[in-house]
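The chains carry the letters A, B and C, assigned in the order they are written, with residues numbered from 1 in each.
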């Protein structure tokens, strides 16, 4: 293959330009469009007296703890999960930080125009639920980042985010409002869309000579531990993610329980498969870091339904298996035969479990009945009100399935479109042999000791020594380890 | 002593088998027994209208923030606290993850049968409080893991957890329901039981030749920092732990304040003792990581009582001293003379402070009076209702003491029993010289640099150089550091 | 300059003495003065029946989630933010832990005497809001610690904290109670005061020969990642910080939204400036770790006002620029020409943004109107009640400005005073060439590998080899890297 080595990753003009211009645009658009809603405005005191409710019934107290958990997932969860690469941890956590901070502003606008525009004054009214939704919207783009981790410039990531948020808002509007599908934890809207969006972009940006930087495409001991910080905060707070915007009362309560259980089951099957498919029964950190989360993705849509505790366990059980097998078989297959280089394996963590989640949601919705939900409960849970007063569960199941298809289409289509744009030679991305390296975009301060070791090694190399130990796999260290081939 | 070197740590069949079979059993048992309670069921909407309460009075909003904090303590707190070993961080955080995820499912069943079985339909009804209790139950087993850290296989840990949860549920039922002792933060039920359970197992699994892996039984700079993540999340969220299942209103409020204060005092006395007992007044990270938490353990039982702010400080003050002295004198003594190898020093962090907590609880309960608590307050706090309508504080003090004894007995007895089972030669544990090493159970990717250094070192060793510097303690590096003994 | 090398950093007597005596004093003072308030006392059950309110309206449920977030910021946020130094991470996170644990106790007393003394019985009544305020108070001292990080002994830090808390409580009383300024997130009270307090102390403790330890005054790859844990937890939970003690209902809601937005904008401008001012457009971790937080500081005072979403973005936009430029130009300038050695750059992260926050607060307050706030809203937000019934917004603006001046004066004046005390030669601080090193105060366990490398290096040095590579800046490693100058 033809391997390009002449790229210039200097983003000194483009990155500041994008940041300044877009942030300025945000300020102007916020000035024109965005205001506080009635629960975060100073008029609340009059509003609540009129409605005769207590301060504690402000939506803030229903949702703020969940919001903070979701916020942690977005910045620490996604950020640290991607630090597993030995020399791309700054990029992982730093660019995640950058695009999430931009994305949430743009999401407040995009989602606001579609969902919370007040037609009396033409303003978007925001409150804590808007912040949660903005974080959700950002999650879609962070998932996509996982597929192209280490292979794109920060400017490309900003573009990926700009379009990703836009597509997300449209897709979400179609699925939730037009199709009237329910998707509490975003299995379809967030994970399926984000997953296929990222994979399509990665396919468009295929790098034939990526093996030139294969020395950096792996983890070291401590980078795996940093990644576990991300994994655990995602895992622990996923119940908050799936319950953050569900109905007050039993809705949030049930969504948290279902997610908690699904995730627990996933851990056990992930460990089982990881151990079973290794020659010596050893566990692979890649699986533990990623596949243990698949249950949370897959239970997203159905989390607020009467999935039943054992239903949640079954979903988690299956996803741990599917996701881990995906890492073992599917990811290498996709790279070799489909030209999709998926750095973090988002296909196994988000795309597949997201689709499973959509299907589980459709089935659970179709199977809903008044005997299980109660008359009021059924209406409440599926929002069979207003224009949908005559909706029935079986039909709702069909709508759920339609929603899933829309998510996939938007993901794939949007990804190809954005991939085209990102292939333009103006974004400052690196050459193939500089991938997975923080050096091009970050000031990296190497430890003196590291330098010394490199020195010593080079010196010995120069004098004709070759490390015998580096070739074969080993655990013990019998001398002689260096052979002098004079 | 006779040192066995022939163990086979291959868990390729046993670990997947245990995970699959037990997880399948969980699904079946959940299917038969577990349902949502009235606050997480879709019928809530009818229930709350009937009771004329607001959505915000769903127990979810009283307890969910505390639940999430407890969840963080279980997975990040316990998990990272144990990463201090230089080459057992994967095992620490990974196996902690595995057994906690299994344990909480089993705990929901076991505690459900004892505490929340609905006799009208034979189902266990779960809600957010059940999730908190399941996490608490798991904590007992994670404490026990601390004692045997690095010396057991994941299969052994699963067995330890299965029996640990079972014993916990029975012991808890006896202490809280039959004896009617109060134990908000679980000083007795969780920490005393978990501590002695782990120590007894460690005693049963005594390894006479453990010094063969002494090169790995210590920390390095960055592993100590990872451990501090665990320490701090435990320390910060302990007020949530002790207040998570106390009474709504003042109960939760007071428990949080008491715990906050006790922990603050512990930090100062831990630092004082750590510095005082070192030749140069230097602080030891082991003490800072562990003993600073002892105050939270010891204030657990009495946290919901009118312990008074200064009372909390006194408890914290004493525990910092006792726990740190335990690390300095007691742990080496126990290893040398009592054949108890306590990797994390759980005797100093959980067992001793737990017993202190039980005693403090008994005294505080016995000293309670209507003049301090108020008539209703006294009934409320100690639950002097129903069958215990005629209970008086002094008698309650006796019941508290009885509860403590039960916890110790169950811990020691259960540990010895489970220790016998774990000594069977079928669990895939490692030989003595492979302890405290991730290599047997994890795919470990060594950094190239590390390999190079090992090479260079071996090469020089092979040529007769011996590192003079490795023998004496040093801080400066005067040459020559290597001496050639030809 | 005259460089002292004869200091004795042995704190074996002084540190334990200070910890024991002060903690004992705390117990006595708490015994005399501190009791539970009506919401954390067992009499709550009667109180709430009398007031006819539900348990959920206990202040605990309004503030506890925010409290826990603030608690995380204090211990993990500040603690890990300062771990960026390659060999001072134990001191960063450990001493932060120590002084925060002491400081919060002393703060409960000091703030209690000024703010919540119950004159009927002479007791201070504490509840969850007191805990938050104590954490806030501690934050001021932790900010100051940032300026002197690595250059002072733990005993000096305890003294710095004792006086810092005392000054804080007085200053806060003057600003909030006497001047009647509003300062929800403490831009003035916490950040301006803490910043100038620390800078003044650093100026008093100027070390002319600090370049002797310049080899340690920098970060390594993994220490920068640990610092990002601190950064992100501060960044994510800052909305909780600024909304923790604002009014129930819309006050907390609005403060969280404003802070969320300001912080998002700051990230983009920080990245822009960091990239723009580097030769190759590379980002500097120092800026990402610190300047991204400046927006949260600067929006502190005005967070509860009707700053409007775009107003928050503007504040964040400006602070990202100002703070990053401060790191590039101002910090080196201050060290060279003003004898202020500011290890963490608190001038750029706290002092300057704090002053900006005070000014923004004054302007926003002066511009407040009934048309925007509503009649009741205006009274509510600015607390124009009681003695301030006739206050008007323009006048309030003046009071805000006065408050800012008081904060600066207390910071500078207090810092100089305390600096004098800390210059006494009795506190066990280290010599200039031992700064930024954990060795003097901590048992540091070096990894065997590290020792080996040092050995090898010394050996080669001894034999006349000099590392050619260490002098010039490099990224690639061409041999020969060592030159033998025989």
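In the analysis below, a residue touches a chain if its C-beta (ideal position, glycine included) is under 8 Å from a C-beta of that chain, and two chains touch if they have at least 3 such contacts.
Here the structure is a predicted model, which means the values were calculated and not measured.
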> What is the Cα-based rotation angle between copies chain B and chain C, on a 0 to 180° scale and rounded to a multiple of 5?
Replying inline: 120
>> Regarding the chain A and chain B pair, does the interface count as same (over half of residue numbers shared) or different (under half shared)?
In response: different
> Approximately how many whole Å separate the CA-defined centres of chain A and chain B?
Replying inline: 32
> Counting only residues that touch at least 2 other chains, which ones in chain A make the list?
Replying inline: 54, 56, 61, 65, 222, 229, 453-454, 456
> Within the complex, which stretch of chain A touches chain B?
Replying inline: 53-54, 56-57, 61-62, 65-66, 69, 86, 215, 218-222, 224-225, 228-229, 232-233, 235-237, 239-240, 248-250, 252-254, 256-257, 260-261, 263-269, 271-273, 275-276, 278-285, 288, 292, 306, 308-310, 313-314, 317, 372-374, 376-378, 380-381, 450, 453-454, 456-457, 460, 465, 467, 469-470, 475, 477, 479-482
> Which of the residues in chain A come into contact with chain C in the complex?
Replying inline: 10-13, 15-16, 19-20, 22-24, 26-28, 30-31, 34-36, 39-46, 48, 54-56, 58-61, 64-65, 68, 71-72, 75-76, 79-80, 83, 87, 89-90, 93-94, 97-98, 101-102, 104-105, 108, 126-128, 131, 154, 222, 226, 229, 439-449, 451-456, 458-459, 461-462
